[in-house]
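For clarity, chains are labelled A, B, C, D, E and F in written order, and residue numbers in each chain start from 1.
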């Protein structure tokens, strides 16, 4: 799926697997996504890095309020401006920053809760490095900071999981926020 | 009460306002960061009266392209009309006040009000009124009921600005040499365009605290220590603790930050544009490019040495970390909306363009590796200003006070050079008190301080 | 400071208030839609002083039935007592001020305060105080410590209203012929009852913008274009662009919208009730029923022709789209709570009742196919009024100004007839300034404008 | 289940199916509900209409704050006042309105996210037109509008899915909000 | 798992069961948790009590905003101060209070919605009274009160379910809020 | 305008403030619970001027231990320094005002500002400034730029208090006999320590309504009926309807609630500490322990009989239900943050400690079986005070007014004994008006009422 098309939600039915195989896959994927979320909520960032593929693309374009006739402008395009447009090196830099002991916006650390909901497998494709499973979820990343700052982000996520020998690796995370003007002082939290 | 003025805005008198910053001692009264009455007055006396950045011409290539911006808390439509002109129109219907545009940007043929269907041209003229001859019996003088236009819209280097004050000085004079140097800085290596996608977020801070910070090279090593540790930033390379070069201009314009030495500049002056480009390519990534020959005309013989941060008074920050401009829109005494505009040279080859966008995406904005920590300091400084006793403490703008001298350079361009200091911040707050105390432009012109000379 | 008045409410003087709407030119100062001080004054001078709709008698069939409503932001309990009387009681205990009721409606035997157990009868009398003879040593004069009752509660056609001003005119006089015509309208085809279930939602708009709109037939084609396209609404059938009939009454009462011609009415007059019922049945669905003979007594010989929207000053809108009434409760300068009451004739056969409820469910309320779009216009008009420059622009109430004449009809009922216009809106805002400028009822009576005559 | 009784939540255990059959049914239903939600969030209203049974009843009664002794008054009754009380024709009218190009409250379109959670199958009954499955879910319909309007609705939903040859059809959606006074300027969003 | 350790989230993989057995267990547990939540949301407190083990420990420690170097202070410890630290008798007392007809903060009753998300089985251990299954969930307890009070609580829950002959019993519920200063006038709702 | 004062705080004059509570009649103007201007004035005249509870010494056992608290809305750091002294420092950097601490509690070696790295010692002294000799050229007088310390910090029985007013009386005198009795009460059975974990929640109520309630034995049977039904509370055992004993002290200090009779106390006096301990063990659980011999010195010969609730003016409630103290921190006219501190005797054996903590966990706090219902009454009383008409009604503090006499007991300790009444509440509000009307401590001392004598 090319990056532009994917900003339009998909309902492609997943094919080529019997019903119980689908159920098992769904279970495996949900459990992976929940475990991955739990690592972030537990601030175990380095372990989280371990779940990422080396070629991960972690991207959150800018969403704009536009009229129906300008819906092509709703999201910025790949390669353009974005809130996140990270490869593995940049994500490692973010984690390193969090570990530096001087990331003031995260010390005291904020408290996050990653709600992963409406998990849907959109497709399974054989890739060079293993099967690649495209997944759509609704997410609510709830966050409190200090004693009274309550906020969060809501939207749709398009993930690609690649099946490695020892479990899944996250090969793509494209995050489509429902918010346009970001309502929080920062986004120092990982999605 | 004057038109549009709220009773709350009348609670401070001019003497009290002037006392809020003592330029002699460098102490600032922190009620400027928290009082609701001062905030209302800012909307009137700073934002409606000053020149506000609206957009760059590249954002609106075609007739009908529009971009919503603000003058204070007033929403305006910036739109290119069929004649190619960019108009700035209050986004409020002349009938009952409904918004014409509710999107952030887009393409329009005309602006039709969703309430009763009044239709305005791209230049704001009222071109259609349902029932004009019937319900209105032809009484309606449409020529007087166009969308309210900004009193003046003028541009410099493709950057459009607007003011609601018809007696405001021309943009050219308002910017002055310092403001023009600031805008010249972003065009020093070629004409630019704005990349699609403005990063926007809301921060719990007073807008002036964000402005204060942009001149501030003092905070870099400590605030951004983690970006340094993570390898994103090389503090040592950007600090230049005693190569600072501050330029102060009329109306509160200022540039703060490092500058090249005259010697370095002289070496550059000797290079051809080709040599400069080659030097840029040879430098480590994320190093500012060596400016081309055109820069001197744009920035002046001294200004061309500035590697700092201009602020176009009141609220437009220009930075070369990623060639960006940040507009700080007031949203209440303790709330500011930050809008990041990213610029690239029009003729930038794809890899350079990509690198510049990537740098812009990662340095500032809510997820930016620098701005995350800035926001924390700004919001906490604002929060504390709400407490009765903490508010009394004052902020100390003492650095370098009385220790430096304004140098008059070539072409009369002036600068304060040497150590990291707080000259630009003091000038900003001093100008602010003068803007706030003056009832109108005439009074402001009569009472504002000249640009400092001598010892500062 | 007078009892209960907040300092903020004293920021406007009478002259400044009167200047907020210029009836001569039709221009309205939009600070009326945004200033916090004016809003506080409205709570005192409009809501606490005027007659506020409370409930219809059918909502409280039995003793102990109660319904919570508001006078401005003051919560009141409307409750039927053992004598069948409907009382309006401030929902605040006389001891420490706790609420007696925290539900929206219900059935009570008496009102026991959850704090210390003071017990009040359905008529508000304090009937029980724990420790009265011991802790209070019998000192407490219970007869003076009943729940505060509205200064007056009066009803017309089963609709109960209340005012906190003991010197207010009687409800009958306050409504005047125009207000009574409005209430008569909903009873024109038989006595009514309120259907269980009040739709309530909070909208980001000033309450007056919602009132302004109810008189406004001008917005229908454009605002509700999508409901028309979807087939929910037939704009052509309801607009009547030049059959408008506006009635203006004392104290700001008004009815705006279409009216039947005298000819049409004459034909109806000639019909028996049976013939009228037959005609109603033959008409397309959602057409207003032909009024029965009783209507003339309720609405007067001219009023009976009105097919428009009455507003009972300040905030009760009556509409026949679904036989509904909408109360607009102020919740701050830019917030209004909308409560939709749906009415059906008491003797309506089940299918008619079903059809009327279905129409009511789908036309207004937050999910209503019309109100969705109204809300957007109102909230945007309100939002823009908060900006300093936009606020200065003013709203233009110019339609038909000086172009129509007040017709004096049978029985002295007056009306302005012809094109869609803004006569009712001007009368509403003009009355509003008079209410707001007057310190008390005596001053209001002495200074308010008489109902317009002649050219308007 | 009659409409009055259903406003009281149910915990009827689902019977008559082996555990793995239950798991498969649960999977099918969840995936249907997620896909249906995704259509709404993607503003693909007309496709959404395709998932509805012809005799659908789409209903949201009014909830009131009442005392424990008046709990019978908490919801309005079927046939009475409601926020939604739609048949297929009315839902089509709503969609037509959204497509009209002049539905101002939805142009710029709002951004919705339908969180479907705690999915429970309450019963499976054979119906004339196919098996009818009664489902209870907790929903959070999060919505942002324009640049700063954040809102939403939360509550319990009682759906009936009818199994047709080519998949499920939604035959009933009864929406029981947790909110009494609706906190938003409009409810121009489908639930 | 001892009580201190558990305030640190776990990602222990669950072992000793085939994949389909895991799926079935996951289904059973989710359905139990959803049904349990539905009882609370339906204010059927006494039936809810029926799902509790006699030795239940129902605990919500106090969370504090602390720096990274003081993370050991983030939660209060077992036996110390807490918002809830209840055994069965205390929970019965809470229910009795709710039934008393004079629990003013819950009459008019509030309206709650228990969103149970990211359900993860962390371990299954044989216990004296039956298998004990340790579960981690993300929860969002949304609550409205009266006409305009909207609030709620978000966090992580560690439950232990014990398998009895006639279904599961809740033997432990440890609630780790994401909020520090509690933003609501009361916590008169059960979690 | 005086330092730090906002224009809004000047809206009430002294006469108007004094009229807000009429001690003669017992009627209270409910604007005290809702007006924004009065609230701002409270921050200045009550909180910044009075003595505020900060922490108990046991919370900060080691050097570097800190705990964040508030003086009004000003955040302060309470920290033990290397000399063992507990300092109270405004949590706002002297440079730009950033917060030094953003955690609620913790351990620090020094306080380094995250903005520019200014470093303050545990005593607040500025010990490090990056660039002091370079950027600042050695100009900075660090000795004058330490964190602002509370004007005075003093302690009694290990409880530390702070005031921002340098002319405030000494803590000992401010507490007076009544306040010291209150603190003595919690130490009556041995020195105490604070248990780790402060329960905190935000309530929609005015802080004074929460204070009013703590003296109030009248609400127990009705407000807490459900806790009684559920078996958590035995109302009959705790009410003591006519064994009340109210003690009033200078500056608004007061204790309200039941007291032991002189006869009972005489019997206790005759017991040895061992006998008292035995009696405590024999009593039903959750009965207050019999006080030890040391109590008389701590509480005085009359005070030792009090089993009530002290309030240390303005906002510290002491209760023995679970040996707790509750601080009510103002957060706006209709918002209060409640902080529960739980105390146990230092030498409490583990089972007693467990029992006390368990009782504390279940009685108060947001999930507490008592406080759930209190909150409902307080928030509703506050909400209603926002309505214009409801606000006018007044709160009735009439119970026992003019019916009781101040008894002068042993050592001159005074009390009002007998029925449940509202003597303490009246004294609290009367003192409040005096604090609010006085511009400074000198005026407060000159104008405040002496502690009542004779008939009250």
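By our rule, contacts are C-beta pairs under 8 Å (C-beta built on N, C-alpha and C of every residue); 3 or more make two chains touch, one makes a residue touch a chain.
Here the structure is a predicted model, which means the values were calculated and not measured.
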When the contacting C-beta pairs are counted for A-F and for E-F, which pair yields the higher total? E-F
Rounded to the nearest 5 degrees, what is the angle of the rotation relating the C-alpha atoms of chain A to those of chain D? 120
Could you state the distance in Å from the CA-based centre of chain B to that of chain C? 48
Provide the C-alpha centroid distance between chain A and chain B, rounded to the nearest whole angstrom. 34
Give the residues of chain B touching no fewer than two other chains, as numbers and ranges. 102-104, 114, 200, 222-223, 373, 376-377
Residues of chain D that touch at least two other chains are 20, 23, 65-67, 101, 104, 108, 115, 117, 140, 146-147, 180-181, 183
Specify the contact topology among the chains shown, as one of line, ring, star, complete or other. other
Those chain pairs that satisfy the touch definition: A-B, A-D, A-E, A-F, B-C, B-D, B-F, C-D, C-E, C-F, D-E, E-F
Please name which positions on chain D make contact with chain A in the complex. 20, 23-24, 27-28, 31, 34-35, 37-39, 41-42, 44, 47, 101, 107-109, 111-117, 140, 142-144, 146-148, 150
The answer for chain D against chain C in the complex is residues 60-62, 64-67, 69-70, 73, 76-77, 79-86, 90, 93-94, 96-98, 100-106, 149, 180-188
In the complex, the residues of chain B that touch chain C are 1, 3-4, 6-8, 43-44, 47-48, 71-75, 90-99, 102, 112-117, 130-131, 134-137, 139-140, 145, 148, 164
Which stretch or stretches of chain F touch chain A in the complex? 102-104, 114, 200
Under the definition above, what is the set of chain C residues touching chain D in their complex? 102-107, 195-205, 223, 225-227, 229-232, 337, 342, 354, 357-358, 360-362, 365-367, 369, 371-373, 375-377, 379
